[in-house]
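Structures are listed in the sections that come next.
The two complexes that follow have chain A in common; it is paired with chain B in the first and with chain C in the second.
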Partner chain A sequence: MNQTDSSCPNFQARLETASVLVHRAIDAVRQKRIQKRNLIWLELTGCSGNIISLLDGANPDFKSLASQMVNFIYDNSLMAAEGEAAMDQLFRLTGGDYILAVEGAVSTKNDGLYNIIGRRKDRPVTAYEAIKKFGEQASCVIAVGTCASDGGISAARPNPAECVGIQNLLKRKVIKLPGCPCHPDWFMGTLAYVMLFGEPELDDRQRPLMFYSTLIHDICPRRPYFDQGIFASKPGEKTCMFKLGCRGPVTRVDCPIRKWNERVNWPIGDDSPCIGCAMFGFPDKMEPFISYDTT
Partner chain B sequence: MNDRDRINDNLNEMSDTIDCLYTTANSCVRNKLLNHLRRNVSNLSMLVQGLQIGESTNSSQISTGRLFTPDELAGYNGKNGNPAYVAVNGIVYDVSNVAAWGGATHFGLAAGADVTSQFASCHAGQPILGKLKMVGKMKE
Partner chain C sequence: MKRVVINPVTRISGFMEIDADIDNGVVTDARTEGLLFRGFEKMLEGRSPFDAVYFTQRICGICSTAHSVASTLALEDALGIAVSQQGRYLRDIIHGCEFLQNHIRHFYQYTAPDFIRLPEGNTLFETDHRDFRLPRRENDRIVQHYFDSLEYSRNAHEMLAILGGKAPHNHGVFIGGITTQATPEKIGRMRALLVNIRRFICDKMIPDAYAVARCYPEYFEIGRGYGNLLTFGCFNGYERLGTLYVNPSTYSDSRIMELNPGEITENIYSSWYEAGRDTYMPFETIPEPDREKKDAYSWVKAPRYKGLPYEVGPLARMWLCGEYRHGISTMDRTLARALEAKKIADIMWVLLDHLVPGVCVQKEYEIPRGACGAGLIDTTRGALGHWIRIENQVISLYQIITPSAWNLSTRDRDNLPGPAEKAMIGTIIRNPDAPVELGRIIRSFDPCVSCATHVYSKGNRIKTMRVVP
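On to the complex of A and B.
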């Protein structure tokens, strides 16, 4: 009951979405039908989990993205340059054309001094300053992960650094890819779509419908157990985890189809409830992550 | 527009979407159309449930429902054998098996409480209450 139905054409088509888009974008770049765009990836107030997740991408993988699809100009975890040389690489794009991907929320307390992403000309560059400067000028802004999209764990109670999602600080549309972390397919597919066709179709919270259109509950392989009222009483059981507080019924994303770690598994497939990491309000509004003795 | 009109609208949309699916070879467009279909199915499921519950509640449920004080309601928190009830606008609903109330909690709210203001701030105008099972009223 944990296996996704591999014969379903809907699931098959969705599994290929990111791969089709990325390969089409790479072909278009190679044939010079579209421009190879500059990509800046800012790691702000977060755990850097989204860039690590991106490295885990498979068909499409990160290497194809960075070498054939975009000019990956700046990411503090991956670039060779360091210190002021790295910051110069970032600031050299000021006024130029680039797509901005942002992970992490933005600390706003004391003018952002709780998160300094580098130093330039002997003065600190805060996450707050960076998002204001590069966010307003970018041709497209993609919030990667829950913290950038909505504050996420960085903005969880009591939120001592007064973190907010990047939309709070930008007077422009931000495409949001919530998830803790963001699945590599969600980012790469969205980026490829932006390069090929412009803005993808978004829902009323600016999430791309191609990845965020269905509730986990609606495509969960354990849905028949819910419908029959057969519920797990503790993690590890193979039935529906609704009574344990599963957030699949309120979380809108395609994890059951796409799965994680090269499509090997996902939380419910490993007998653990969904904690709603891709839903706005995570983590505070998704707690408690587990409940026992529920009737 | 009543629920029966909405059902007809959804069915017409589904018919059009299926026609489009026959003619498209583009996988992105196909995905969008399939998403449309899924949304229609979800809408229909909600509307049908609403009609069924409407029929059952019209008969007797609310008139025979019991009266709750806030303290009594607090006991119905979905734990240790108690069902999960919440009150909205003076009516008490059973959310024990409502999917969005996993573990008898919902977006930071716990069952056993009056959630009128939270409901109004998040779900105003949405056809949700009609689908819930009514179990009684709050005492004035």
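On to the complex of A and C.
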């Protein structure tokens, strides 16, 4: 198993970035140095897997987020209210101060009728309408996951619901946290940074450099196999997955350090190739995911 | 008569609306409508068959493993690959982790807020009804477990990642079993996690489910539906271990029968699709969308078995394997799900016991020029089917029939409502201004509209009366 084995102080520090930031934000809220901000989490045209991934976070967990860090106002998967009462909780924030987290792309077909997220005053509220309304007014917009960031699998060819990433519909800056799903640390760390210091340093694709600055390939524990030309011919082998179609050489994110689910494992640690799920162009430009016949 | 509309139905995966007509306090008609369309079947055409395993997982964030398993079974069928017992054990352990994760989250995060008053002062926990009946101490104990449970559902995903790489959207499940091998260290870590999860299920979750049931006894009478039950089977037919859970079977008219997959059809009479006919078999066609179709009211298709609607899910499985025969109702579904969580934990214990470390189940597979395969398996929410046809080494047809499509299915020409619609019809609504019964009935099915990918809203039907639910 791949328990954190890093003796490298740089890796160790990066591993702790998210939890250090989150604990600082929680302390600052407790000491009233910063405001406890309102958080809206919109699930749009996607699989609603990013909220599940957030629940998988543990340093600290969802309870700390919802009780000590933010006023969690709205999320379709978790809120107790239903129907128009739920919609009212969302619309009550119109004109107020809030941070907006969005998962899922936005379906634009038929004026957005391919994804309705609720009904209010006898009218359907489409994902399209919701992102326009709440996206422009938010103090900060965070795209959580690959669909919200760039369309992702919801926009895969032939894109039947005509999906786009949320930036396409907003005339303001969106912080993008691609990944299918988004790692809970990436979201929690970014949110804490925004609350403490404002916008984090971003790359040219609007991703926070603190999580998205390094190619998987450059810090992959199997890199020595690549350098020596020792390649796996099928999943399950312990060498370099490059010839199976591994997208580590083009994917910029910290999976090899951070790993997943209490840091027990990650795709390459599972003897399978990276499929570039955190990359612009996923999935169409990252396929085939697995192929046995690449030279 | 009053028409009640609930949208969004929160605490489910995905988006849906409930429309119900209430006359003299009784639901006279009800419709379930999904509100999300993505069209995975169309996306899969022309892609590499191997990619379906990781691709189809993105249908659903809470039950992604289910799709990887069904997809892998369909590919193995198409490629003519016999899976080793070790391969099956490894894959089924990963699948079991998802059952545990899903059932714990569904009971505490999705179901409990219907019956338990969550802490005040948190917008997320504000409700729109007052029907909370548990004594203060019991209520507060379950609230504590609402938060405690986060650790155990997280642990279930951690177990999943030990063999599956990550969750949601695992990398482990693949043709032949899983990509990686078990090691003594991994097995030991999984056992340690499983012991704690099982203890939580037995000591907290099952007693909590019964505590809710005691205070809401009328829910054993509410939400029966047809009483037709169906399973594709799961954790069954192992060479040495036999069937640890349930074989493919159906229940109807007080009789249990073996499942005949040839009797599965899908119907689009009430759905915005055109296929030159109302009913087709899975391999026959992927219908084309037709928004203008007369008499259609939804994009949910209607799976049928022998032409009839069937309920799928934990209650169906527990009933068909003979372990739960108390009844078929809203509360029975919730109890069966909690009890099933314990059963799954016990099955996983057996499978972990039979793992041999270091066995590699992977080979280099070749895609045939042309082939067909079906993958039918019961998953967290019920019977899931993937059907794949390969032509010129790429996917030419990919049919998906999800558990939630069975439960939320629409009406055929015979006007028979889907199982969840049927479960709502006839229900006595105590307060039509806050019809809390409807959401409770629907959530007992654990619907996943993210999975029911064909679903669409009927648009702008005129409502005769609006009630703020």
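Keep in mind that, in the parts below, the second predicted complex is superposed on the first by the 290 of 295 C-alpha atoms of A that agree within 3 Å, B and C clash if a C-alpha of one lies under 4 Å from a C-alpha of the other, contacts with A are read in each partner's own complex, and residues count from 1 in each chain.
We take it that contacts are C-beta pairs under 8 Å (C-beta built on N, C-alpha and C of every residue); 3 or more make two chains touch, one makes a residue touch a chain.
These numbers were taken from a predicted model, which means no experiment stands behind them.
Trainee: Could you tell me whether chain B and chain C fit or clash when both sit on chain A in the superposition?
Mentor: They fit: once the shared chain is superposed, the two partners occupy separate space.
Trainee: Which partner does A:Asn59 contact after superposing on A: first (chain B), second (chain C), both, neither?
Mentor: In the superposed model, A:Asn59 contacts neither chain B nor chain C.
Trainee: Contacts for A:Met87 in the overlay, against chain B (first) and chain C (second): which applies, first, second, both or neither?
Mentor: Only chain C is touched by A:Met87; chain B is not.
Trainee: May I ask you to name which of chain B and chain C touches more residues of chain A?
Mentor: So, of the two partners, C touches more residues of chain A.
Trainee: Applying the touch criterion given at the start, work out whether A:Lys285 contacts chain B, chain C, both or neither, answering first, second, both or neither.
Mentor: A:Lys285 sits against chain B, while chain C stays out of touch.
Trainee: Report for A:Gln137: first if it touches chain B alone, second if chain C alone, otherwise both or neither.
Mentor: Once the two structures are laid over each other on A, A:Gln137 reaches no partner at all.
Trainee: Once the shared chain is lined up, is A:Ile51 touching chain B (first), chain C (second), both, or neither of them?
Mentor: second
Trainee: For A:Gln68, using the defined touch cut-off, is the partner it touches chain B, chain C, both, or neither? Pick first, second, both or neither.
Mentor: In the superposition, A:Gln68 touches no partner, neither chain B nor chain C.
Trainee: Which of the two partners, first being chain B and second being chain C, lies in contact with A:Ser77: first, second, both, or neither?
Mentor: Touch partner of A:Ser77: chain C, not chain B.
Trainee: In the combined three-chain superposition, what is the angle centred on chain A between chain B and chain C, taking C-alpha centres, to the nearest 10 degrees?
Mentor: The three centres form an angle at chain A of 120 degrees.
Trainee: Is A:Ala161 in contact with chain B, with chain C, with both, or with neither (first, second, both, neither)?
Mentor: A:Ala161 contacts chain C only, not chain B.
Trainee: How many Å separate the nearest C-alpha atoms of chain B and chain C in the overlaid structures?
Mentor: 12
Trainee: Residue overlap on chain A between the chain B contact set and the chain C contact set?
Mentor: 287-288, 290-291
Trainee: In the complex formed with chain C, which residues of chain A make contact?
Mentor: My answer: residues 1, 43, 45-53, 55-58, 61-63, 66-67, 71-87, 89, 107, 110, 113-119, 122, 124, 152-154, 156-161, 163, 180-181, 233-237, 260-262, 264-267, 269-272, 275, 277, 283, 287-292.
Trainee: Considering the complex alone, what residue numbers of chain B touch chain A?
Mentor: 27-28, 30-32, 34-35, 38-39, 42, 78-84, 96-97, 99-100, 102-108
Trainee: Which bits of chain C are touching chain A when the two form their complex?
Mentor: Per the stated touch rule, the residues are 5-15, 17, 35-39, 42-43, 47-48, 50-51, 54-55, 58-62, 64, 105, 109-110, 113, 118, 122-128, 147, 150-151, 153-154, 157-158, 160-172, 174, 179-181, 183, 185-186, 189, 291, 360-366, 439, 450, 456-457, 459-460, 463, 466, 468-469.
Trainee: With touch defined as at the start, can you tell me which chain A residues reach chain B in the complex?
Mentor: 10, 13-14, 16-17, 20-21, 201, 209-210, 213-214, 217-218, 226, 229, 241-250, 273, 281, 284-288, 290-291, 293-295
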